[in-house]
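Labels run A, B and C following the written order; every chain starts at residue 1.
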Amino acid sequence: MAEILKNRQLQIIVMMLSFLFVFLPYFLNVPQLNTASTKLITITSIVTAFTIALAVIAQFRRGMNIINRRSRGWYFKAYMLLTLVLMVGFSLISRETGPYHWVMFAVVNPLSSVNYGILAFYMASTAARAFRARNTKALMLLISGFIVLIYQAPLTGAYFGGFEPIALYLGSTFAMAAGRMFLISVTVGAIVFGVRVILGNEPSVLGISKEEK
Amino acid sequence: MAKDSGGILRWMAEYDRRYVYLALFLVMVGPLLRPIGMPISVSPDTRQYYQVLQTVQPGDKVFFTLNTEFSGYNEIQSGIIATMRVLVEKHARVCFGVAHVEATVIPDLIVKAVQAEMTANDYQYGRDYVILGYIFPNEAAVAAGAQDFHGVVTQDWLGRPIAGTFLDEIDDWEDWDMIADFTTGIATSYLVNHYALRGTPMIMNCIGVMIASEKPYLDSGILLALLQSMRGGAELEFLIGHPGPGLTAMDGFSFGHYMLIIFILVGNVGYFGYTRQQQMKVDKEAK
Amino acid sequence: MVDFIEISVVAVGTFLAMSMFSTLYGKSSPLYALAEESYIGFATGLTIIWNIDYIWKTGIVNIMAGDWVLLFSILLGAMMLLRVHPKYSYVARLPIAIVLGAQFGLSLRTIIFTGFIQQISATIVPLFTGGTQTLLYNWTIVICVIFMLTFFFYTIEMEGALGMSAKFGEYLLYIAFGTVFAQTFMGRLGLVIGFLQSYTIPDWKTPYLLGSMVLVLALVMYMDKAGLLEKLTPEE
């Protein structure tokens, strides 16, 4: 059994069959095939949800390692593991009210907000210190950035309508074109990578080491 | 005199970044504590979003998807609440689904924010709105829900069966009249790929970071409308005549932008007046 | 009248939020570590709960309703968990192969259209018919997409016409990046303002926000002066 599960060729064949079983029914429109394909997709969604446990186990291992080594500040890791267990426990009491609700609004929500909000300060300070018109390219970046920044302040649009057409032009053409260009490039890259994985040319994705190749 | 101007210019080129943090904090908090109430202009994209919302008919089934962490909700809550207000006034039937665990509390907040309108329109849970909770953990979940809704979703977020609710009318992507997606980017591309691409009408309210990456979908017709960040939400509040958190924030929003522009200008004056001069002196001495 | 629970939510929320903001002081502090570990711990617990909930509702409930095929999902999920076992990690290869194949099938069957064909067709726009604004927009979009794309050709030598095209595309990209930066800043600014709004409206919350800010700043400055920041901050 172990040899069967370790067999690299079997893995690649299973992956290819799974791929075809999801990919082809989309274009063939055969009802029975669609139903079976949908079932496989549902199974995939549930199996993928299991993978979160791997991340949690890794988190636990790292935390226990730091606690066992008594590294500086190890009690913070112990606190982290305690809060993890507490949160699971709170959810068993109620997810509408009670300690779960308190933790969501007193801890998780404000910290989640600050986690990303702090970037506004970093962006502002970095932009203020690094945006220098050193050359033509930097000057072009600055000018387009200025025009859009000025337009985005609602007060400007209300009193100085002249910025709006230029800012909208920049956003709907240059920025949109850059977004489209990145989208096309990423799509082509994803297709090429996907084909390579399906054909078995990227064994590391399947967790096969170089030695086993 | 040369020493003084060098000093000022030097400060302008090399000021401590914590001045920027403090200034940004003050210009944001100040107007929130003492609102000024400055006017706002409305962009064409927001008008387009508003016009698409006006096409919603009574009884339409709208999939209200929250692809956002709670931090993103802080930014786009004005658009979320304003959109929900319009949907309730149109008497659309709304199904909430979330793609991030932090967003599981948001549908409750939305319902509380529009409670008056929902009561006035006799909204009942199950008949007119349902909260499904965390149903989009990954792309496969989105795709499975698009192809066989009841094969994936059988209970709401508190474990109550959805049988007997208006969701009995949903089999697959074709049965939704619209998807209103509020996103920081989590499962949005999956919704675009598995719903909008197949023809389900889709509108979106995204954070500022995502505007450039979502505009191609708007331009190619996959998305019907795109509401952009907090400013778009504030403009929508203005259009529907119901001021809310978006409009309240616009004073600080304007000042924050002007503050950044001033600091960049100050830095450039310092760069050309001091740093560049120093570099040229050093280059001259080296020669 | 505000109840104690609401006050405690605001007081603890503002204190932890300001503790996380204390990183702006420029040095790591134990207050930042407290906020960070609180968020990681509670958020990870939250993720566990809701994923188990998803597996229960989509898997177990449907199996109990008679959909026996979904038993495979539980079996494959259990096999996936053995990935962390040093001896039996190979057992996870089969579910990984199935999941990867299905995921690639899902994404490739759609991104070919949304990310490639439809984007190309949306770039093919009328260049000689329409009003002045439409023509300006259309020409700009076509020129930008073509020249920006040539900048990212890495597999061939950039010389002659291709080199000039890439150079021009680079300049167009800088204009785009300026716009994108402004939009990104708008987003982040909106995020912070939205967060601050939640702690300034209604008015009774404001003293807690400002008080927490002063308290955290005072604590961090005191610890810095007393040399305690280094001692109490956990190792990276």
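Note that contacts are C-beta pairs under 8 Å (C-beta built on N, C-alpha and C of every residue); 3 or more make two chains touch, one makes a residue touch a chain.
As the structure is a computational prediction, the values presented were derived from the model and not from experiment.
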Chain pair, B-C or A-C, that carries the greater number of C-beta contacts: A-C
From chain A, the most remote chain by mean C-alpha position: B
Chain with minimal offset from the mean of all protein Cα atoms: C
Averaged-CA centre spacing for the pair chain B and chain A, given as whole angstrom: 17
Centre-of-Cα separation between chain C and chain B, whole angstrom: 14
Inter-centroid spacing, chain C versus chain A (mean Cα positions, whole Å): 6
Two or more partner chains touched - positions in chain C: 24, 43, 46-47, 49, 51, 54, 58, 99, 102-103, 106-107, 111, 119, 122, 141, 176, 179-180, 183-186, 188-189, 191-192, 194-195, 198
Residues of chain B whose C-beta touches two or more other chains: 21, 24, 71-72, 74, 102, 104, 137, 140-141, 143, 151-152, 211-212, 216, 219, 231, 253, 257, 260
Shared-contact residues (touching 2 or more other chains) in chain A: 39, 41-42, 44-45, 48-49, 95, 104-105, 108-109, 112-117, 120-121, 124, 127, 142, 146, 149, 152, 171-172, 175-176, 178, 180, 183
Touch list for chain C against partner chain B, complex: 24-26, 43, 46-47, 49-51, 53-54, 57-58, 61-62, 65, 67, 99, 102-103, 106-107, 110-111, 113-114, 118-119, 121-122, 141, 176, 179-180, 183-198, 200-201, 206
Contact footprint of chain A on chain C as seen in their complex: 5, 8-10, 12-14, 16-17, 20-21, 23-24, 30, 33-35, 37-49, 51, 54-55, 58-59, 69-70, 72-74, 76-78, 80-81, 83-84, 89-109, 111-112, 115-116, 119-120, 122-123, 136-137, 140-141, 144-145, 148-149, 152, 170-186, 188-189, 191-192, 194-195, 198-199, 231-235
Partner chain A, residues of chain B touching it in the complex: 17, 20-21, 24-25, 38-41, 43-44, 69-72, 74, 102, 104-105, 108, 137-138, 140-141, 143-144, 147-148, 151-152, 157-158, 211-216, 219, 231, 234, 250, 253-255, 257-261, 263-264, 266-268, 271-272, 275
Sites on chain A touched by chain C in the complex: 2, 5-6, 11-12, 14-23, 26-27, 39-59, 66, 71-74, 76-77, 79-88, 91, 95, 102-121, 123-124, 127, 136-138, 140-146, 148-149, 152, 169-178, 180-181, 183-188, 190-191, 194, 197-198, 205-208
Chain B-facing residues of chain A, complex: 34-35, 37-39, 41-42, 44-45, 48-49, 95-96, 101, 104-105, 108-109, 112-117, 120-121, 124-125, 127-129, 131-134, 142, 146, 149-150, 152-159, 161, 164, 168, 171-172, 175-176, 178-180, 182-183
